[in-house]
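Structures for review follow.
Here come two complexes built around chain A, the first alongside chain B, the second alongside chain C.
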Partner chain A sequence: MSYPWANEYKPSHPAMVWLDERLPLPRLIYGAVGGGYEVPRNLNYFWNFGFLAGLCLMIQIVTGVVLAMHYAPNTLVAFDSTEHIMRDVNWGWLMRYAHANGASAFFVVVYIHIFRGFYFGSYKAPREMIWLLGVVIFLLMMATAFMGYVLPWGQMSFWGAQVITGLFGAIPLVGEPIQHWLLGGFAPDNAALNRFFSLHFLLPFVILGVVILHIWALHIPGSSNPTGVEVKSESDTVPFHPYYTAKDGWTVGLFMVIYSTVVFFAPNMLGHPDNYIPANPMSTPALIVPEWYFWPFYAILRAFTFDFFFIPAKLMGVLAMFAAILIWFLLPWLDRSPVRSANYRPLYRKFFYALVVAMVVLFWCGGAHAEEPYIMLSQLATLYYFAHFLIIVPIVSSIERPDPLPYSITESVLGPPTALESAAKA
Partner chain B sequence: MIRILSLLVGAFFTVVLGYSFVRGAYTAATEPAALTAEKVFYKKPEPLHLPSDGMFGKFDRQQLQRGFQVYQEVCAACHSLKHVAFRDLAALGYNEAEIKAIAGKATVSAKDPLTGEVKDRPGTAADKFPPVVYAGLGVPPDLSLITKARPNGAAYVHSLLIGYQAQPAELLKQFPDAKTGDGLHYNPYFKNLNLAMAPPLTGEGQVTYSDGTKATVDQMSTDVTAFLVWTAEPTLEHRRQTGFWWIGFLIFATVLGYMSYRNIWAEKKGH
Partner chain C sequence: MAENADTATLEGTPVEGVRRRDFINIAAVSAAGVGGLAVVYPLISQMSASADVLAQSSTEVDISAIAPGQAIKAVFRKQPVFIRNLTPAEIEEANKVDVGSLRDPQTLAERTKEGHENWLITMGVCTHLGCVPQGAAEGEVKGEYGGYFCPCHGSHYDTAARIRKGPAPTNLVVPDYAFTSDTVVKIG
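Up next is the complex of A and B:
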């Protein structure tokens, strides 16, 4: 949003004046991420993760396009072409490790970004649309990451594809035809690999499109902030550039140091060793697990162990797994509290931390063998997960007594005005 | 309306999960999980230290050559190395003539461009290690990536090679049905304890090292493991070297970035 005090774009070079009259692209950039975008001055470091997520998307697109130049989406050679990239392509190992770990980095950043939203109520009016688009991005990311993991055509690629498309097989009546249609066959094979490659190349650009909508929607009400109090006056904001370009800039460096440490010194830490074994439809791995970033949802899937009357356990698990993300779409309407930030919501804050704990438990259980005590733990955590969003949040938001809010953003940073300042104002 | 529906859906999930949890907990409490021979007798790989370990690790060329010799004389009869080309051996310190000689001893089947016939010919430096088919037993695993394809792969390969032993009497007493089958060999470092591969390293001096190193079973096993760490990722040293330069630069840039951030925000912070 353009506050009345926002800087206006004033090109000085004649060429820029000429361009501005014909295609005001620099003006758009200036207003979006330049000196023309006014941002609350009190953002904490959790607000840096949106920028970092954008950076991750760029890393993935750049490394991915290069990888696609050397990769061959054919079941006979896909695995070998991946090794060809690792051994014989100049800097191919760097592209592949940067891409594989880039996916993990992207999810780390996005999970923090999402939980920032949960804590600070970023989904509340008037920012519902930003939130809804964000959930769409997350779903697209999951689809893209899943299909990307299939491409090297290792054991986990193959069996992951088998299990995940098999989920659709749980749908009554039409499930199996849908699974066959998705795979283009009865099991993952060349048809599946080819379409996954095609879609894996396409979807990041769809994500990019939705990211642009996400940022556009953000610029209508402007950024939220840790107090959740709306911007009231000029002293509440600073221009994005140079203030937040500088802040985002140095955290980009910090992020790159951590990410590069993994890429260069522990690039296989987050992968599964079985994916260095070529896909073999005749040999099922002892433990089929997706990549770590899917573990919470995989744990939810496996938490349903008993048929409930006429609903088979598998179907219920599949429904719950999809529901676990889809309920995020309803969050702006489930949480009725007018107070955004959990800093001023003592009761909600406790439940937020309980959700974090449940999520950590789900992460832990999702990567483990489907045996006790992991099943029982994931059942308890899943129970809390659904109760949190569907029962606790709506109830807490109507019974809670929030703490007093600061009058303004400026006041939250500088403290209430002194008697002298008030007198001077009067 | 949306909240009433959500309460109902939430109550449904809570009830189903609560029910599943109670049933599962009851089963777990009343029926302890059955023990299996694999659960009791499986051993995790023993720790192994190689010169290439750690951030500053470097391959020991001499050791890689010894490991390559063990591979050639022992493993190569059954296991291929299909992702490695003979030219890659230059990284082990072999010169061009030596690589040509090594490649020339291998037999590669390729199509004759003039006649279209598939014929055997001696290998060249540009060829990859040829496939190995072990008559009657199909194709034993390719070893190029083996140290990356198993959890804690290097330690696993080393432990597996020295881990063959007679099946413990205790195991048979506890699990009479778990007797190692015909044509299988007992090895506690293998997931299901029994594998088809016969002990490949049987005694001291099986290989004669040209550098005078004493070829104990443990030495041969360590050397061939070091070699297989190299085959799994020949670019390992290049990766770490690049990493130091790149991360060094990043830290420098980040410090500069942080200083300019402090500078820019200096007048905006609170009191």
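Up next is the complex of A and C:
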């Protein structure tokens, strides 16, 4: 959105004037992430994670294109070509560790970005489309990450592919044919590896496309802010550049310090040692768990250990796992409170933190062995997870009495107008 | 407040000279620039020959079975090498040529190792655009000068693999090699 007071792009160099009249790309960038995009002045650090997510996507695309130059998607050589990257290719170890840990960094950033949305009500009108596109990006990320993890063709790669495609086998009647269609065979083999590589290369560019739509949709109403009060006047905003480019630059630096520390000093911290064993279709590792970023949903999958009315436990787990994410699509209509920010919603705020706790429990249980007490804990957390979205949020949004909102963003920053006036007199 | 604004832009910082903010700005952008270059270096370097490719950069060949007048093609760095056992007639023909009249003046002696003057070892890569010349294998065309003939654009090489006719600018390249024994040559 362009507020009336937003700076207009005025090229001074004749070459830029010439370009602007023919292809106003610099104008587009200026209005999107430059001095022409007016942003609320009161954004806190949680608003930096969108920019960081974009950085992560760029890191993944650049390192991924490099890895694809040296990797061979064939079951005979996939594992060896991965080791070739690690041992022979110049800086190949750096590219692979940056890529593998880049995926983890991407999910850390995106989980914080999503929970920022839960807390500050970023999904509410008129920003529903931003939210819906964001959920699409998250789903694409999960698919991409899963297929990428299969490529090294180690033990966890193989059994991950077996288990995840096995989820589709739970669908009644057509499940098994779908699973065989996805794999191009009866078990993960060359056909599956080849298509996973193809799609793993393609999907990040699809994600990039949806990210552009995500940002486009964001620029229609403009960025939200911690008060949830819409921009009213010029004093509520500052230009994206230099104010937020500088602030994002600062957190990019912090992010790079943490990310580099992991890449250089603990690159296998988040991986599984079993994936350094070549894929063996005859032997499953003792603890087969997905990468950490799938754990909450894996815990929900495993929470269903009993048949649910007429639905078998296996199908119920699969449905619940997919529903756990698809439910986010409904959130803008489940939460009917007109107040966006949880800062002014005392009751919702308590349940938000309960959701965070449930999510942490699910993370914990998803990475653990499928045994007590983890099964019971994940069942309780799953119960809360669905109750939160389907029951608690709708009820809270209709019975809650929110705290008084500030009149404007400026007022929330500088205090009520009386203080302002007295300051002006002095 | 109003009079302060005339004399200072930030608290405690003069209008004249270097401001703290300028210093931080330049330092931060410089650090980011150096960091960016540090990232670009491995991204470029990764495309260079990897360790396993460099490990193939020498080849040992047993030449005991090559009779005078015969030649073989060996592989060195994934490229053909011609190893030719010259007959006395071919050596004489090569030495007969007026070196000054050549496009790339070199004597046969300069292109062989002392004590092994009958062994002509050259890359099998035409110096024009990289095709493999004919003349090494049995029954191939040897060109007008009895050495090698490149079918791509018609370069003729003589019995010392020197360019005599056609577009190639220089003689076939003699790689680094050494005789590790009378019958084994190590190329590279």
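Just so we're on the same page, the second predicted complex is superposed on the first by the 419 of 426 C-alpha atoms of A that agree within 3 Å, B and C clash if a C-alpha of one lies under 4 Å from a C-alpha of the other, contacts with A are read in each partner's own complex, and residues count from 1 in each chain.
One rule holds for everything that comes next: a contact is a pair of C-beta atoms (placed from the backbone, for glycine too) under 8 Å apart; a residue touches a chain by one contact, two chains touch by 3 or more.
Given the structure is predicted, the values throughout are model-derived calculations rather than measurements.
Colleague: Is A:Val62 in contact with chain B, with chain C, with both, or with neither (first, second, both, neither)?
Modeller: second
Colleague: Identify which of chain B and chain C touches the larger number of residues of chain A.
Modeller: B
Colleague: Quick check on the superposed pair: does A:Ala320 touch chain B, chain C, both, or neither? Answer first, second, both or neither.
Modeller: Touch status of A:Ala320: first partner only.
Colleague: With the two complexes superposed on chain A, say which partner A:Val413 touches: chain B (first), chain C (second), both, or neither.
Modeller: It touches chain B, and chain C stays clear.
Colleague: Of the two partner chains, chain B (first) and chain C (second), which one does A:Pro4 touch, if any: first, second, both, or neither?
Modeller: A:Pro4 contacts neither chain B nor chain C.
Colleague: Now for A:Pro404: first (chain B), second (chain C), both, or neither, which partner does it touch?
Modeller: In the superposition, A:Pro404 touches no partner, neither chain B nor chain C.
Colleague: If you stack the two complexes on chain A, which partner ends up touching A:Met256: first (chain B), second (chain C), both, or neither?
Modeller: The answer is both, since A:Met256 touches chain B and chain C.
Colleague: Who does A:Leu94 touch here: chain B (first), chain C (second), both, or neither?
Modeller: both
Colleague: Residue by residue on chain A, keep only those touching chain B in one complex and chain C in the other, then list them.
Modeller: In chain A, residues 87, 94, 249, 253, 256 are touched by chain B and also by chain C.
Colleague: Could you please specify the touching residues of chain C with respect to chain A in the complex?
Modeller: 28, 32, 35, 42-43, 45-48, 50-53
Colleague: Please name which positions on chain A make contact with chain C in the complex.
Modeller: Within the complex, chain A contacts chain C at residues 62, 66, 69-70, 84, 87-92, 94-95, 249, 253, 256.
Colleague: Which residues of chain B touch chain A in their complex?
Modeller: It is residues 2-3, 6-7, 9-11, 13-14, 16-21, 23-25, 28, 33, 55, 82-83, 88, 141, 144-145, 148-151, 153, 191, 232-235, 238-240, 242-244, 246-247, 250-251, 253-254, 257-258, 260-261, 264-265, 268-271 of chain B that touch chain A.
Colleague: Spell out the residues on chain A that touch chain B in their complex, using ranges where they run on.
Modeller: It is residues 41, 80, 83, 86-87, 93-94, 97, 238, 242-243, 246-247, 249-250, 252-254, 256-257, 260-261, 263-265, 267-268, 273-274, 276-277, 286, 303-306, 308, 316, 320, 323, 327, 330, 333-334, 336, 371-373, 375-376, 379-380, 382-383, 386-387, 389-391, 394, 413-415 of chain A that touch chain B.
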